[in-house]
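Heads up, there are several structures right after this.
Next come two complexes built around chain A: one with chain B, the other with chain C.
Now for the complex of A and B:
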């Protein structure tokens, strides 16, 4: 499926006034894409993510699903075309509400009108996908779990809806390294299928570099840069101007180059960097 | 969705600059004038003095409308109840219920009173920084301390409530959207439907309250006694003039009521 935004502007209503946040955003997300949304704090990433998910309606411009312009999700009741788009908010563990983990994870599928059997099957599958054992943890209250476990339960609640497009707002923020790795693996697993698309909001450039196929940099509500991770990280100056830093590896390569080493600056992985440096040292 | 009753609209109009105590007392006197007004016409006459103030404060009609909209049903109910429960000269029938001239008059009066009172309250909250408002209230209640009224605690509670209402509303909207993303519907008003909103909201409110209490203790807050303040209120000639006018309005209305003899 395909989500496209055309000329989207957005403003929050605050105290009867308009607070413009996004200006003239054009973008398209198709099956197979992995888009990273990045930008300094307050640049509008979360807002844009919610517009892509149909949770906020643009003040101007169009949002379409598979070429059909749609009103926001709030306008539908029960199953809607938007059910195919899943979104996990920043700190999704704050939305847990049910008495048991199982019930919370089942909330989405149940709202989609699936039969109780299928709801249960999906909840099991989703909990397993996030590395939690449904048997031992399913009956516990979500409020007795650790922060990292709660995050996973919340993500399972989205995965259980089996969306085709998954939008995640800073999914690894505030987790310990193991928790971060787990969530990243989960996202990679999800993205493996060609008929799916992922949008991740992240500040962490190393994370972005390792996963995304496209990067979009927001600066004060406008698209400032757009391209593959390699194309983006090459532009160190520009990134700094937008309040971001390239990932550490890229910074290393930039420094080496400034000191006269003929190494490429657009490396993404540790292996690439090592090869490039060894190549230079041998020469 | 945005629910914004009582929201502060920052600005620098003459109304914004009035001392919060003057505005609070002014509201009280204005309320008195409305209560004293014997007829709907008199209440409208007394009430409309707030209209130029609304304009002077730079509040748009659409803002006022959005603030009052949630109360429309309430206002209609007030009118209707007065209308059907007042005996007197029968004008017409609504089904089996007789509608009287007195009913219309009283309904109209009640409607005008409540409408203008709410309008003035909206004007007060829209033009007064919540913190200044609580400050003003604390000062006005201060004499009550002698008879055991915990005015500082009351003011602190009010300050905190006012400070956190917008935060909680924003949070509520965010949680709502997060649950809508999971297919929740908030259109029906069954309690069951509201749980996915209410529970996370409570959890976060309690967490916030705990954090706030710790932060206050960490900064050695121990009740109001002897605290100095960053913003001193100062009552100017304009404030006196404003109160004088409000007092004149109340007195005029009271006089008219006594003279018209009911």
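Now for the complex of A and C:
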């Protein structure tokens, strides 16, 4: 499936005044894409994610799904094309509400009108996909789980609706390294299928480097940079101006290059950085 | 000084203590980093420091005042400011400026003093241009800076940041940390930084790793930064720069020092290259 935004503006209404957040955004997300939305705090990336997910309607411009211009989710009752798009907000675990993990994860598929058997099958599959055992954890209250486990239960609730496009706002923020790794694994698993697309909002560039095929940098509500992670990380000065930093290893290469070392600045992994430095020092 | 003496805490309904027989002294003006995996007790420890939680056994003394003494709680909470990971729970008013003023009004300060402190606090976190905006229209990072401003306006002696920068972009995170450390230098505020990021913890004077409700390790962050096994046992990741330094050593590069940040490694490598 394909989501496309054309000339999208967005403004919040505050006490009768317009508070513009996004200006003239053009964007296309197709099956197989892995897009990272990044930018400093307040650059509009969470708002943009919610427009892509149909949760906010643009003030101007068009949002279309598979070529059809659509109003936002709120305009539909029951089944809608938007149910093919899943969105995880920041700290989604705060929205867990049911008494047991199984009920929470079943909520979405049940609302889609699936039979009880299919709801159960989907909930089991989704919990397994996030690395939780439905048998041991299904009957527990979400509040007895660790922060990392709760986050994964919340994500299972979205996966259980089997979206084709998954949009995640800062999916690893606030988790410890082990919890972060588990969440990144489940996102990578989801993205493995070619008929799916992922949009991740993140300011963690190391994370972006490890996953995304395309990066979009927002600055004050406009698209400031767009390209592959390598193309983006090469532009250290521009990134800094937009409130971002390249990942630490890329920073190191920039720092060496500024001193005069003939090393590339677009390394993405530790091995690439090591090989480049060894090559330079042994030359 | 904040003294935690033999403190044990168990959440209602839990079978395992969140903190067990913990002893810790935090000096005025100190920069202490506390790390550890989720569920290791670090947030519980933070909440003991200003009496948000009180130990079931043992006691917590803030400048000699016991957090179990209700009459001292107001003073204790002014001395020990807390900023949490999720700022939404901390924001109360209709505008940014009112939100910062809220705590000050409760202190009964004169309006002119309140205005002065609000302006200063908003400026110090870079929100002076958003003073009239409703807090719910701020970005996650801006909300976090607002929560910090509200705490700074109270002029605390101890500042506890519980994953307070987790939602910030890297430049904002660095700015906030710099700002906090500047306040520490200028006013002697102690900073207690609870974080998963070794890159942040490494800047502290002292680092504490929590595990299973106990202190698992404490010492100088530089000391631990190269001990991969110890870090892994505490659920922490070796920072990328240190992992690279290690990998370069294995590749035959003879680094003279143990670099812990980008600049230190760049300097060490450049030195090697210019010597040859």
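Structure notes:
One rule holds for everything that comes next: the second predicted complex is superposed on the first by the 283 of 283 C-alpha atoms of A that agree within 3 Å, B and C clash if a C-alpha of one lies under 4 Å from a C-alpha of the other, contacts with A are read in each partner's own complex, and residues count from 1 in each chain.
Just so we're on the same page, a contact is a pair of C-beta atoms (placed from the backbone, for glycine too) under 8 Å apart; a residue touches a chain by one contact, two chains touch by 3 or more.
As the structure is a computational prediction, the values presented were derived from the model and not from experiment.
Of the two partner chains, chain B is the only one touched by A:74; chain C is not. When both complexes are overlaid on chain A, the residue A:255 reaches chain C alone and has no touch with chain B.
Of the two partners chain B and chain C, more chain A residues are in touch with C. Within the superposed three-chain model, A:203 lies in touch with chain C and out of touch with chain B [touch as defined at top]. In the superposition on chain A, contact of A:94 is made with both chain B and chain C.
In the superposed model, A:273 lies in contact with chain C only, and not with chain B. Residues 94 of chain A are contacted both by chain B in one complex and by chain C in the other. Only residues 12, 14, 19, 39-43, 46, 90-91, 94, 146-148, 170, 173-179, 203-206, 240, 243-245, 247-249, 251-252, 255-256, 259, 261, 270-271, 273-274, 277-278, 280-281 of chain A touch chain C when the two sit together in their complex.
Partner chain A is touched in their complex by these residues of chain B: 1-2, 4, 7-10, 59-60, 62-63, 66, 174-175, 177-185, 187, 195-196, 198-200, 203-204.
Residues of chain A touching chain B in their complex: 13, 15-17, 50, 53, 55-56, 73-74, 77-79, 83, 86-89, 92, 94-97, 107-108, 111-112, 143, 157-158, 161. Of all the residues in chain C, the ones that touch chain A in their complex are 36-39, 85-86, 133-134, 137-142, 163, 166-172, 174, 196, 199, 235-237, 239-241, 243-244, 247-248, 251-253, 262-263, 265-266, 269-270, 272-273, 276.
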